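Each of the next two complexes has subunit A plus one other chain: subunit B in the first, subunit C in the second.
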Partner chain A sequence: MILLQNIWYWAGNIYVTMAIFCFMILDLLNGYVMLKYHAHLFDPINDMGFIKWALTFGKESPGRTAWLFILVVCLALLGVNTFVCTTDRVIKLWQNRHRFKRISRFILRFGPHVMHYSMLIMFLGYLVSYLFSGTYLGKVLLPGKTIQVSDVWITLENLTIDYYTGNRLVGMEKRAIDVKARLYLKSGNKLKTAILSFNKPVLFSGLSIHLKNFAPKTGSSGMNRRKYITLIIKQDPGVRFYFTGMIFFTLGLFMYSLEKTEEIR
Partner chain B sequence: MTIQLSIHYSFLAAAIFYMVSLVGAAGKKKTWAWYLFFAGLLCNAISLGLRYWITFPLLPLYQGAFFLPFVVGVIGIRFGIFHSNALVGILPGFFIVTVLAWSAYLFPNDFYLPFLQFKTLFAHGFFLLGVVGKSMFLLAGVKAVQVLFVQDREAGQAKSMGQIVSWGFVFWTLSVFAGAAWSWLGWGSPVIWDDPLMATTMATWFVYSLLLHLHLTLFAGQRPRAWCILAGAVWVFCFNCLTELGPFRLPGWLS
Partner chain C sequence: MKSFIEIWIQILVCLVISLVMAGFMGCSNDNQFTAKKTAKDTEDLSFMSIGSFAVNPLGDGYTEVRDGAGRTLILVPRGKDVPDGYEASQVVRIPVQRVVAYGSFDIAILKALGVVQEVLTGVVTKKEDWYVPEVIKGMEENRILFLGGYSAIDFEQMRKAEPELVLTWDMSILPMMDEMGVTTAITTTPVAMCLNARMKFVRFLAPFFQKEKQAKQYFEKVSKSLDTIREVTRDAKQQPKVMWGDIYEKRVLVEPGNAWVGELVELALSDYQFKDVFGKSCIEISLERFLYSGQDADIFFTYRSPDSGATSKAALARANPLLARVKPLKDGRVYSPLPHYSQSGDKLDEILTDIAAILHPECYPGHKLKYFRQLPDTDPKG
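On to the complex of A and B.
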């Protein structure tokens, strides 16, 4: 029992937190150098997922990729440390709830803990993402054509490209300013028609479909160039975790700021 | 005069005003220093407005360095960075704005056509919140200098130093979140693994997470915290400001 208590104490110790932070900062500095000079080694993570990348690129150049594995280990340690430390403090705060004269003051005290737990949800999101996400690459669609991804059929019904005709935006004359692709999606009995654009992905049957590229980029006359789009199609169950974490972290930030503002008053 | 030349010369004027205001402050001509500094802010604001005018709704790519001196100046006024009775208290504020302006002017990044993925509020949020966060970290460093080296320490300096760091952290975090949301909307992943700036952005977040936890340790005193915050500002300058600059370019009117 004493051993367990000791482990719990050290797992949540603030100096352990500091040590992990320092180690991560140095590790990320190394990561900066590696990403700057060997970006080609890390670029495939987005497409392959972490596990496949670790078994190929990661294994092939351990000297250049070790920082990322160290970072993952540090994040895991930070996750454990954060959980233990925050849980300890939440328990103490709850036990001392009678000391607060105002309920709002008591609730605002949870701000930092909301942030810490939200961070854990985000870490969970990244873990789920790197373990279970899938990417479908090189998906090119021409108007009227259909492709199949997993059990989803995607048809590009129509592609509209607006070209900039003004002269305010420097360097953009006659270049595409807006792209709208109308997709028809089918999976079993489920049907959907949706407009795909840059930064406006289409969500359907567990997939997120993002516009990666398109042609023609300029509206100058000449050859009747062929229209097409390329897609990034992702199946990422982690995304809802890390965006939930981000929303709650932001809430915690505002609770914390509000508490500090009240303290100053 | 084309709009690009107006952008260029209004920023040059801002950089000159900032430098002369620094000289004025060093020469204890505080009133003149203030007038010149405000003139610098005005020119800088015109330059930034025009930069946004020629790109909006797209994002002015690699232009953060030009926004930094203006935001540092404006927020610095709000937090009383330029108010001190001692010369060593007032100079760092003018100095940092001048250095930022001239480094942006002499080391400009390349001009790229903006991508259509930039046409979202998240991209602008990532950019602008990041500039504000970075400015606050630098200003906290200036405040730390005042806490450490001004003999007749004005009341509340240390407290406002902590406040600036906290708000800087809030803006930096929101910038990171906006960047992650933008990255997911545009490319389907909240982290883009081929950008080295991603590593320094994360590292800075951890640096300030560490600083915000210092009060729980033996380094909770005013002076150790001030030293750490000063170190944080140096970190931000080296890894978040210098990394956004381009190579040295002799201005056209000099060559």
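On to the complex of A and C.
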């Protein structure tokens, strides 16, 4: 029992937090250098998942990828540290609840702890994403064509590419400035028509569909290139954790602000 | 409390030292080929990343590859079952017997692997534009079909070519190829191939044809030429400033610093003027930047071949008067690739040596250029 108490004490110790932060800073500095010179080693994580990446790219170049494994360990330690520290505070707060004259003030005191727990939920989301998300790369759609991903059928109904027609920006003449793809999505009885564009992904039936590329990028350049779009399609169960974490974090921030406002009054 | 802090300081110091050491281990650039690394590269048959490409032998003859677009393909020996979890469009039966290839570098690598005559059935360049004897002969004998320009592929011709595999850069053909039941591998990448990837690309294509031994020989040959270049240019006294690109009617295109030519220039003790530019091959930059870098450059490699107007400095200046402002056109050296240059990837070692000889002629006395031509000031009269 004493051993468990000791472990609990050290796991939530603020000096441990500081040490983890210091080490993370050094590790991330190292990571910056590795990413700058060897970005191609890390790009595949997004579509392969962390475990497969670790067993291939990660294992092939340990000197260049070690920082990422260390970062994962640091984040795990930080997660444990945050959980223990926050839980300690929550327990103490609960034990001292009788000291609060108003229940609202007592509840608002949980604001920082809600934010900490929310951070942990978001960390968990990252973990889930890296472990369980599926990414479909190289999916190409031509106008009128349909592809199937998982149990979803995606049809490109129409592709509209706007080209710069002005003459003030010489370098931009006849270059694409906007692209809009109208998708028709079907999964069982569910149907949806949506406009896909850059930074405007389409969410449907657990999939997030992102526009990666399109062609042609120049209008009437002499080369009669086919119109098409390429997609990145993700099935990411971690997204729910991010959103949940963000909602609770906002709630915690709101509670904290309210408490501080009351203190000032 | 004091002892606690001391312990943590000690732990931190140890961790900092290990991190710094890891940093030194990992921050070397990919183009620094030590003898040790080369030995590993030629012997190791485990997972291998090649720039954005990757080859992952799974055992029992199966290999998983990652193409330039990040798509996963599974290479399955003929007669063996396809493992679970792969779509039909991801499966390639090996050794591949019929290939359509778009890129001249892909075809050159097929030549290096010794399979171009046996497997190539379709190309997107006309017969009169070819300099590879095997391709010309194949087209004459109708074994190799011209499928139309890459932007206007004749899919009926493609069907006649009966490819099992298409090597291409054009992703727009993927839906059609899927319908035809033909697997496609994208052989270009969103960022330019570095020198290491350019040399190792042969090892990406080799498993498709079960020609790993030939790939190893090719890699060793190119690797050796690189070692020789490093050795020969080690004591070069001058570090010429080099630019590689061109000004077109509306665009300025250059080779970025991360491209193999940029890395080679740096490796051969020269200064690449666009080393800070990162991105795809033939990347667009501003005219101002091009002219600024051209102010003090010594050597200029143009993209244009003599066929496309690069016959002399004066001809280049006539084609684009702005180009006349760069120093190499005034009092430096300008080189143009010969027409067969882009189809000679199987002779990468010779191309690298040619470039090194251009950068440091004093280190290569009597060297005759095979793939480039130094442009005279003016076109010969008459």
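Everything that follows uses one rule, which is that the second predicted complex is superposed on the first by the 220 of 265 C-alpha atoms of A that agree within 3 Å, B and C clash if a C-alpha of one lies under 4 Å from a C-alpha of the other, contacts with A are read in each partner's own complex, and residues count from 1 in each chain.
Just so it is clear, contacts are C-beta pairs under 8 Å (C-beta built on N, C-alpha and C of every residue); 3 or more make two chains touch, one makes a residue touch a chain.
Note that the coordinates shown come from a computational prediction; the quantities given were computed from them, not determined experimentally.
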Partner chain(s) touched by A:Gly63 [first = subunit B, second = subunit C, both, neither]: second
Partner chain(s) touched by A:Tyr15 [first = subunit B, second = subunit C, both, neither]: both
Partner chain(s) touched by A:Leu137 [first = subunit B, second = subunit C, both, neither]: second
Touched partner set for A:Gly171, first subunit B, second subunit C, both or neither: both
Contacts of A:Lys260 with subunit B and subunit C, given as first, second, both or neither: first
Touched partner set for A:Tyr228, first subunit B, second subunit C, both or neither: second
Touched partner set for A:Thr250, first subunit B, second subunit C, both or neither: first
Touching partner for A:Lys145 - first (subunit B), second (subunit C), both, neither: second
First, second, both or neither for A:Val114, with subunit B first and subunit C second: neither
Set intersection of subunit A contacts, subunit C complex versus subunit B complex: 15, 22, 33, 40, 43, 170-171
Interface residues, subunit A side, partner subunit C - complex: 15, 19, 22-23, 26-27, 30, 33-34, 37-38, 40-41, 43-44, 47, 55-57, 59-61, 63-67, 70, 137-138, 140-142, 145, 147, 170-171, 173, 213, 215, 223-226, 228, 230
Subunit B - residues contacting subunit A, complex: 3-4, 53-55, 58, 113-114, 116-117, 119-120, 122-123, 163, 166-167, 170, 173-174, 177, 180-182, 184-196, 198-200, 202-203, 206-207, 209-210, 213, 216-217, 239
Residues of subunit C touching subunit A in the complex: 4-5, 8, 11-12, 15-16, 19-20, 22-23, 25-27, 29-30, 46-49, 51-52, 54, 56, 66-67, 69-71, 151-152, 171-172, 174-175, 186, 191, 250-251, 286
In the complex, subunit A residues that touch subunit B: 14-15, 17-18, 21-22, 24-25, 28-29, 31-33, 35-36, 39-40, 42-43, 45-46, 135, 168-172, 175-179, 198-201, 208, 210, 212, 232-234, 236, 239, 242-243, 246, 249-250, 253, 256-257, 260, 264
